[in-house]
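Each chain gets a letter, A, B, C, D and E, in the order it is written, and its residues are counted from 1.
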Amino acid sequence: DPIRIGTEGAYRPWNFVNEKGELDGFEIELAKNLCQRLNSECTFIQNSWDGLLPGLDAGRYDVLFSGFAMTASRTETAGMAGPYAILAMTFYTVADSPLASADAEGVVSFDRDPKAAEEAIQKMRTLLTGHTVGVSASGLSARFVESYFDGSADLKRYRRLDEIDIDVSSGRVAAGLTQLSYATDMIARTKDVSYKLIGPAFEGGMLGQGVGALVAKGNSDLQQKFQTVIDEAIKDGTIRELSEKWFSSDMTPVR
Amino acid sequence: MNNEMPVVRVEGLEKSFGALKVLKGISLEARQGDVISILGRSGSGKSTFLRCLNLLERPDTGAISIAGHEAAFPEKPGSGKLSHRAMERLRASTGMVFQSFNLWSHKTALENIIEAPVHVLGRPKAECVEEARRLLARVGLADRADYYPMHLSGGQQQRVAIARALAMRPKVMLFDEPTSALDPELVGEVLQVMRGLAQEGMTMLVVTHEIAFARDVSTRIVFFSEGQVEVDGSPHEVFSAPPSESFRKFLSNHA
Amino acid sequence: MNNEMPVVRVEGLEKSFGALKVLKGISLEARQGDVISILGRSGSGKSTFLRCLNLLERPDTGAISIAGHEAAFPEKPGSGKLSHRAMERLRASTGMVFQSFNLWSHKTALENIIEAPVHVLGRPKAECVEEARRLLARVGLADRADYYPMHLSGGQQQRVAIARALAMRPKVMLFDEPTSALDPELVGEVLQVMRGLAQEGMTMLVVTHEIAFARDVSTRIVFFSEGQVEVDGSPHEVFSAPPSESFRKFLSNHA
Amino acid sequence: MDFSPLWEGVWGGLMLRAAAMTLIVAFLAFLLGQVIGLGLTLARLSGVGLLARAAETYTMVVRGVPELLIIYLIFFGGSSTLGWFASWFGHQGYIEVSPLLTGVVAIGMICGAYSSEVIRGAILAVPVGQVEAAISFGMSRLLRARRIVGPQALRYALPGLGNIWLTTIKETSLISVVGLVEIMRQATVAGASLRQPFTFYIVAAAIYMVLTGGSVLIIGRAERRFGRGSMAAGA
Amino acid sequence: MEFYTYVLVELAKGLPLTLQIVGFSLVCSFALGLCLALAHHYGPVWAQMLVRGYLAIFRGLPLLIQIYVIYFGLAQFAVVRGSILWPILREPFWCAVIAISACAGAYASEIFRGGLLSVSSKDIDAARAFGMSRLLMLRRIVLPLTLHQALPAYGNEIIYLVKMSAVASIITLPEVTARAFTIVTETFRVFEVLAIAGAIYLAINFIAAFAVRCVEKALEPSPPRN
């Protein structure tokens, strides 16, 4: 039997449907590559986000490649293989916002350079004081803001990342917090609004180990297999290559 | 049918609405060709009695037999229980003209008349239409065949209701004030129709307030008072020498 | 009010339903205290005439004046147009008893009666309730005050409808077959009530099929035939020597 | 706003195909819903206590719970149940229930619950006297339902059923969770791909307007057709 | 077990907001629906056309799109952001109430129109004959009969409305569904969380349906007790 891979197909540049109507993106190419390494056939099944997790539970998919961040509570309820990319979060706003004075900086990691990260957080706290920040409703970024910006910034939670963009541009929120990979692609492709990144991108710590594949609970065999080939792909540079192609930067997880 | 056998036999019929006892033990027999006029004050239970005969109201106690179909109340659980089929057969062999006509508002006069013959008795439609037109002509409404009830005058609706009941060629006809909305000329005509029916051997129970009508057409007069049969006799007997005080009072207002 | 001035004046009233011309130019006058019985075959336009007086049907042409309120048809655009206010005033000064009673099904007998006096005339509710109970008693329904129409017998409904119209203390009463569902005894009582009203100076137009009633109560008889007034005269005149052939024929069926 | 991807790329065709999917699922679900709704109504008016209670509970629960939950239950619950049965016969693993079938059944069950309320109200609105007239002519329940109560109830029910049909068309967007590509899902995918979320929502809106607008015309015609002889007061 | 309590408590925190959205929308949509139905049934031709157009749009489009347009769409225009309406349109709460009321009002109006259609001309005739003004007739005769007839179907609409309130979750309001969504993405336990959210909605709807049934019973002409 082929391995059934579930993906949302609406999360550029990780997984999406391209101009030809075919699935494409970082995770799609990676998954194909991994399947080759496993010597298995793979079929991709697209589904709306709401149907992915129940589908995995019910056995409709063997594995999900759909931008899932690896956190402690998730690894508890499901098996995860990876990470195959870091998960870096960055703030962004529009050019005519008062916050726009701050410039974009590189990635800082809570794991590798806690001190620099701490300083960066302090700087952002001052900048965001009294403002509202839009975050994804998936818990991770919200909890990040809650724990580091408590008493400084207010939160608004959105279902989809592109909805944060819209409210940043309308001024309902002063800034958004989003994934670096998503933001760079979005800024590059948006014509009528000029968004810009502010401050550094954060990685590690409570943001988790990165993005990984979600395997049905109890299927530790498959989880093991994917873990092995992902490690291989990191080692031989495949992931770096794909990352640079899709994200224009190296998002290879460092272990 | 044996002329000696009663076509309608009612015994000890009782009916209450809540605490209000409307019928307090009515017994009555009608032979083939009988025309029984039922008189009584407004609210004395005449309509309720006719409705019980048709099982539109379920009597509390008593026995009913119409054209060989029997029903006894209270129903005994098990074998004594009246089947729907039995009730329908009983009803199909009686025709009813309601006090408030109750024409079907979504059907034209003609459609109202052919409805039951075609669909209950399964007679051929063409034949029924022909008969319906004849009946409509007989009640003076040939040109109103395609009118909906709401576009008919009161008297016209009443005549359609009479034609509708006749079209079923029932064994027993139940009329609830069949001439209340008719002018004297039409009353005369309807009376003529009923005389004809009586001669053809139809059995009729007629609730009416028209003393003249009762005197001229009926073979027997029944006077209801407080839910009981107070007077029962031939027109000649009861009108020339009213056998009860309240009946005399009832008649006294009639010129 | 001047006894010489007509309370009701109708001139050249015409009304068609589609191609069917129902009223073909009716003219009529009634002075205060007049009781005019309107006779006519079923379908001759009697109900339509009453409904036109009340402006429930809009006449095609003609002029109506009731208790000082005027309406002329066809309405002239602009100043000649009848305002809603004017129509309401005209209607509030007439009382109407419908052929099919038209009681409001969501209100009890008592509520039906007090509805218009309280809400149209703005009389105090307590006073209206008291009067309503008196009226109900007068038509023999003191114990039915809290019944909904669907739980009343035909004659009971009709009496509530009469009480409802009386409660408005109108200048002019329009009765459409007010005794059709009543037994002779009640007919006598209602007749008594109407005599009383006539003595108090109420003007009444009564559509009826009861020749006896028309002869005994009315000051004038009007006979409709094919949408026109064919006979108009005192009861004595018209009954002793019917002035037209069709009227004679109409009467011939009455014992 | 740039609509060129509609005719220049694959998106126009994909949107049309999604519209067809929406229409098919909505139509089948509505039909099923009417059958279920009628059954529920009959059960509720049957006078058989247990039957009436069961129907009432069904109506309450299915209407009361978010639609998404019902779809989850039927699709994923359904295949789990099937899988559990199959394991008795030695079959292992996941059994796929056709997403189309699930979608139709799930939406149809919801639609049925709503319809039964509308149908019940309409049946009760038929004047009692006319029903009695039918009874007095010896019409059986079925005949009465078909010839007298049905046609009259239909005209009271049409506005409500019209509402339900329109809702069904739109509720069909929920079935994207079982993997069917209907209008909203296709719009999301296309919008995300081109980073033009609004453009495709507007296209979706236009398609919905065509579907529902056409429906409204047909419903209006049906209302006039069944309104004959109605006692309704005019303006 | 601990997990379930946690979810229940967490979701219950969204209940006041859900109820507020439902409450405001219920009142607004009822009033709107009644006005639309009256205009549709009694209004001049132009008003009828206007209502038809309104119904076509608000019944025809998924609520998701409507709320998207009202919340995200309008905000795209600088004119809107500069207008006096912006303080209201800026707030997701009012956007949700506006969108839900506009949509639910459209549905309610069709229900009410069905009720208006069932009022018999006899009742109207009697009211007119007694000189009732149109307003009085509406208030005392037409509306009671209409609402009574429309009640069962309107009960449907209330339940729809309760569930409609869940779309508020997509415009950042932390009501029950939004909280459920957050917990699901954190814990991946879809069924459990949704089932608890479902139970909460079911409870609200159960109470609503019960209330509707009570009103229905109260309006039923009861046989006299004597």
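The rule is simple: a contact is a pair of C-beta atoms (placed from the backbone, for glycine too) under 8 Å apart; a residue touches a chain by one contact, two chains touch by 3 or more.
Chain labels with UniProt names: B, C = Octopine/nopaline transport system ATP-binding protein; D, E = Octopine/nopaline transport system permease protein.
Bear in mind that the values here come from a model prediction, so they are computed numbers and not experimental data.
**Q** Quickly list, by label, the chains bordering both subunit C and subunit D.
**A** B, E
**Q** If I count C-beta pairs in contact for every pair of chains, which pair wins?
**A** That would be the chain pair D-E.
**Q** Indicate the whole-number Å distance between the mean C-alpha point of subunit A and the mean C-alpha point of subunit C.
**A** Going by mean C-alpha positions, subunit A sits 83 Å from subunit C.
**Q** Could you tell me the distance, in whole angstrom, between the mean C-alpha positions of subunit D and subunit E?
**A** Distance between chain centres: 19 Å.
**Q** Can you give the whole-Å distance between the Cα centres of subunit B and subunit C?
**A** Roughly 30 Å, centre to centre.
**Q** Where in subunit E do residues touch two or more of the other chains?
**A** Residues 72, 76, 121-123, 125, 190-191, 223-224, 226 of subunit E touch two or more partner chains.
**Q** Which subunit D residues touch at least two other chains?
**A** 68, 72, 76, 155, 230-231
**Q** Indicate the residues of subunit C shared as contacts by at least two other chains.
**A** 100, 150-151
**Q** Can you list the residues on subunit B that touch subunit C in the complex?
**A** Answer in residue numbers: 17, 39-43, 47-48, 99-100, 140, 151, 153-156, 159, 176-177, 180-189, 209, 211-212, 216, 249-255.
**Q** Quick check: in the complex, which residue numbers of subunit D touch subunit E?
**A** 60-61, 63-69, 72, 76, 114, 117-118, 120-121, 124-125, 155-160, 162-163, 166-167, 170, 173, 184, 198, 201, 204-205, 208-209, 211-213, 216, 227, 230-235
**Q** Within their complex, state which residues of subunit A touch subunit D.
**A** Spelled out, the residues of subunit A in touch with subunit D are 9-12, 16-21, 45-48, 50-51, 54-55, 57-60, 162-163, 166, 185-186, 189-190.
**Q** Under the stated contact criterion, what part of subunit E meets subunit D in this complex?
**A** Listed in rising order, the residues of subunit E that touch subunit D are 41-42, 52, 55-57, 59-65, 68-69, 72-73, 76, 107, 110-111, 113-114, 116-125, 149-153, 155-156, 159-160, 163, 166, 177, 190-191, 194-195, 197-198, 201-202, 204-206, 209.
**Q** Report the residues of subunit D in contact with subunit B in the complex, numbered from low to high.
**A** Going by the criterion above, the answer is residues 127, 129-130, 132-141, 143, 147-148, 151-152, 155, 226, 228-231.
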